[in-house]
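These are the structures in question, set out in turn.
In what follows, chain A forms one complex with chain B and a second complex with chain C.
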Partner chain A sequence: MLEFRTPAGRIAFQVLVTLLIVPFLYPLVVMVMTSFKGQGFVANYSAVLGQPLLPRFFVNSTIISVAVVALTYVCTMMAAFAFAKLRIPWKNLMFYVLLAALTLPPAVLMVPLFTTVLKLGLFDTYWAVILPLTALAVPFTVLLARTYVIGLPDELLDAAKIDGATTFQAFVMIILPLCGPITAVIVVWSMLAAWNEYMIPLLFMQDPAKQVITQLPSYFLSEYGSDETKIITASVITSLPIIIVYLFLQRFIERGLTAGAVK
Partner chain B sequence: MATLALRGLIKSYGPVDVVHGIDLEVADREFIALVGPSGCGKSTTLRMIAGLEDISGGAVEIDDEVVNDRTPRERNVAMVFQSYALYPHMTVRQNMSFSMRLAKVPRAEIERHVEEAARVLQLGPLLDRRPSELSGGQRQRVAMGRAIVRKPSLFLFDEPLSNLDAKLRAEMRAEIKRLHAAVESTMVYVTHDQIEAMTLADRIVIMRDGHIEQTGTPEQVFNAPQSRFVAGFIGSPTMNLLDGTVRGNDIEFPGGDSLPLPAHARGVAADGRGVCLGLRPDNVFPDGHGLDVLAPVVREVPVLMTEPLGNETLVSFDFAGSQCIARMLRPRPLRAGASVAMTFDLDRAHVFDGGDGAILASPVDAFEAGVPATPA
Partner chain C sequence: MSDPQPVPAPAVVTAPGGGARTPSAPRRAVRTVMTDYFYLLPAMAVVLGIIYYSIGYTAWLSAQDWDGLSPDARFVGAGNFVQAFGDPMFWATLRHTAIFALVIVVQMALGLFFAVALHSRIPFGVVYKVILFLPVVLSPAVTAPVFRRIFDANGTLNGVLDAVGLDALMHPWLADPSTSLYVLMLVNIWHWTGLSFMLYFAGITQIDDDVIEAGRIDGTTNATSFWFIVLPMLSGTHLTLAILGVIGAFKTFDIVVLITGGGPAGSSEFLSTYIYKQGILQFDMGYASALSIILLVISICIAIFQTRIQRRKGHA
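Take a look at the complex of A and B:
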């Protein structure tokens, strides 16, 4: 921990940290304050929360986010364990190919993803959104999780083998329970990616009953004019679940992101 | 309870051989120690016995059956690791019962085995704690408990005491010795600490660079080392090893010092041959401060430093171009730089070949052959 012995040093450090936070905090504060403007807090939030399709959007986003989180977690942990602890031919090459996927901007992938979804007959289904979002999230989460799993002692796996565990049993009963911090990172990261995604649900699902929460603000956009305060209010409501999840898992996320940094 | 045999055991990593065709037989209930410097292949050999490493060549036999392709579980071995390798998220009870839960042993039987192992190792009050709540010695006992609860045919220890302080190491050595007596199982113990090997093992296997240098009881490897390497590795403080050349009935050393060639080496070390004279610190002492010697050889030597140990003092001195160590009983004060008359008991000296370090003559052979004492 950074420590400053003099009051002047502590004050200066506090001022510096506060200034660094401002660029990140300011848009959030402006967003919330804007949601109180126009017709006022009650009217804005009543109008947004009164949208008849809001519960449906919420349910759809939850279904997609939960599925993406679950699928990302399973794929990530199995891949990370294999990359970190198993002897597999061409392992390093496969890892580099996975990392290469990180360099591709999602916008560039829209057309090939759309074509693939169509060919698989998944268009206008939840899977049309779940599978691409999972595929886009996995490279980064594997990168993080692999580093974490490498930090777990090999002797634990040796001991598990001596005790009679198969590789899968050692993975499920020894490795996974020790991956709490990185699990929190995977959950929050993939949930953020899934919950906040706008383009893929917009393009890959046409049925209004399947639309997601990120499309809520667009209901206050019209050809004849936009109610900006209600658009902002919808954005605030859309962000709330993610903020709550992060606050609950913050301690684990910090441990997960720094695990393995120091031996 | 099992016999173990290694037949031409080889381990290679690509083109590099790290274990070069080891042959070893371990009798049922024997406690054998694999000892050697870091990188000699002892842990790799242990891991091949356990089934944690693939075998590149040769065979591991347990109870006369080749087990090369069997899993560790199928070999019925248990292992205690240097880092304990306890599962951090499980309690002591869960750690000890893990293997039996995997094997779907009935719960009542698991409880009985765990309680019995806990009683042997005095772990009863700790059963519901997690490893992070235990001291180093307690963790090591839990690791041993996890091993014995399965009643394996073979116990393997991979430097289990390396992470403990000196006092705890001494206590755990006694614990392991007691355990061997209690469970009467075959044990293979890997260590780089020759004191552990000497105090625990029925037989010691000294390894170097992937080969076995010598196998024998602690007394045999201490009193009759077959090579310069073994002589210098076993014993604390280490044996004094002095390189010189045979000239007639003497050995001449660099710097002009000389000593008589031990009587039991005459006839095997010809004139002009390069030799290495080995003398344990017990057999070199300031005149009057050691055991009785039949034919003492005395030389004036400069003292470099002294290490008082209470009942004895280790005296470092300069001789034959090397720094040597003498063990002084009934110590008196000696200051660095002083000249002291040092007695050399050459009847207890070992003579090794100056080239390959193989033994040429040893006092054990001399004693058995009835060779007379070395003249001063």
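Take a look at the complex of A and C:
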């Protein structure tokens, strides 16, 4: 893109890029450094890791994320197949109904879901978090997957029909195996969204034993009061899985976000 | 982005319909089988059952006066909306959102700068990319305590300013109503510049190198080839990001609740956090629902506006 004819120009540009990246690095540095301060590295980490509820938070986040991913995957692939390859009256209308949910600010769901969960007595149940998160993920993942499935040749399905396959067999044995790349994007993206979600668990998970990773800093705030080094230590520990996942699955995450500019 | 293998990337909502009618479709027997509906059932059930149910329920609640607990709600008609339009805090949240939406300009400028820089094969490009992109995948819930520490009156930012002799600039960033919103804007820039960067990076990948080479032969400099070639060719990405920025401003919730709590004195309150306070914390379900409906109407207007522009620009 840019070309530098002199070494001086090249170096000056590199310095400029580095200077502009510093503010992005700074909070990460503060985060790690803070976890070494206060009572010190060992005391902070052993205090946080010694919290009996910490494994619970991880387990809860994992249960919810896995369930959201599984439900999202099933709903998405079936709907994408139907929208892309089946002839169904009112199909476009139904697709618009899904798309219309894309720009919806989740805050709109707060009051109705809260009162509904209150009425049904679903507080502190996983479903109270899993279902809304799935509903928020599905419109976007269907949009991605539908475009992908449209790109698969119809001849494959025609051939399967001629060979006597049912629609369901064609879906499971022909379409799904060809959807590898988009499946990866959907799984990684919906996993990340569920794991990082703050608002929905905040509304419905009030028993500390049912809380999730994103509620950990607030939970520790009530545990440790003003000892922010321990709270930030908790941030470091809860960030690590995401950072590791990101480094290993960079490609899919970036692809999902690029494709998923609608989020 | 090292791998150009394309996932279909409809950067923004595309119109449905066209795709299914591939040339071979008419040859197949046109026969609707009832069981085909079965494939749409799970997705439609979850979206209708949660999202559309919620919208309907909110619409009903918005005409009631109800504390969420007592068995009886009292019908107040448009009363809640009248209350909203006369509520200074409601107008303040819209003002804050409008100011906040300006972050997208900074995010776009920075994102574009880094995208161009990394396309210029600078050393350590991967390192810059990871630093820019980590904030996108980290949850605001997890990073919020760090930002509270940075911008605290005794925080690390003031520490740095003091150390470099700029102590005149030291400031209780979060405690001052005139700066709290700007802190949230900075945090948002930190979290989301990586996305702008990634979209621009992908966009620039689509630009044929030959175009730029041709420009060079015609004597373009770095500045002119950026301004007259790269920038116009990214118009689709500019549009996508601008719309995302506006939508994002109305979706903002986490960082507000976690960093400023909307304060001090409501100086960084957003419509979403105001709904949370009125409905969930103060059990004024009717009023919170009316605010939710207003938020919904705004987001629908944005969606319509978005579709219009994209149609006109031929992105639909």
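Definition applied: the second predicted complex is superposed on the first by the 193 of 263 C-alpha atoms of A that agree within 3 Å, B and C clash if a C-alpha of one lies under 4 Å from a C-alpha of the other, contacts with A are read in each partner's own complex, and residues count from 1 in each chain.
To be clear about the criterion, a residue touches a chain if its C-beta (ideal position, glycine included) is under 8 Å from a C-beta of that chain, and two chains touch if they have at least 3 such contacts.
What you are looking at is a predicted structure, and each value in this text was computed from that prediction instead of being measured.
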### Query
Just chain B (first), just chain C (second), both, or neither: which does A:A165 touch?
first
### Task
Please work out whether A:L156 is in contact with chain B alone, chain C alone, both, or neither, and reply first, second, both or neither.
first
### Message
One more residue to check, A:K210. First (chain B), second (chain C), both or neither?
### Response
neither
### Task
Check whether A:V17 is in contact with chain B, with chain C, with both or with neither, and answer first, second, both or neither.
second
### Task
Have a look and say if chain B or chain C is in touch with more residues of chain A.
C
### Query
Touching A:M78 in the superposition: chain B (first), chain C (second), both, neither?
second
### Task
Determine, under the contact definition given at the top, whether A:P177 touches first (chain B), second (chain C), both, or neither.
first
### Task
Once the two structures are superposed, pull the chain A residues common to the chain B and chain C interfaces.
155, 158, 161
### Task
State the interface residues of chain A toward chain B in the complex, per the touch definition above.
153, 155-156, 158-165, 169, 173-174, 177-178
### Task
Could you pull out which chain A residues touch chain C in their complex?
1-4, 13-14, 17, 20-21, 23-28, 30-31, 34, 71, 74-76, 78-79, 81-89, 91-92, 94-116, 118, 131-132, 134-136, 138-139, 142-144, 146-148, 150-151, 154-155, 158, 161, 167, 171, 181-182, 185, 192, 195-199, 202-203, 213-218, 221, 228, 231-232, 234-235, 238-239, 242-243, 245-247, 250-251, 253-259, 261-263
### Query
Mind pulling up the chain C residues that touch chain A in the complex?
1-3, 5, 7-14, 16-17, 19-20, 22, 24-25, 27-28, 30-33, 35-44, 46-55, 57-58, 61, 68-69, 110, 113-114, 116-117, 119-120, 122-123, 128, 130-150, 156, 190, 193, 195, 198-199, 202, 204, 212, 216, 222, 226, 230, 240-241, 244, 247, 250-251, 253-254, 257-258, 271-273, 275-276, 279-280, 285, 288-289, 292-293, 295-296, 299-300, 302-303, 306
### Message
List the residues on chain B that touch chain A in their complex, please.
### Response
50-52, 71-73, 77-79, 81-83, 85-89, 98-99, 102-103, 146, 150
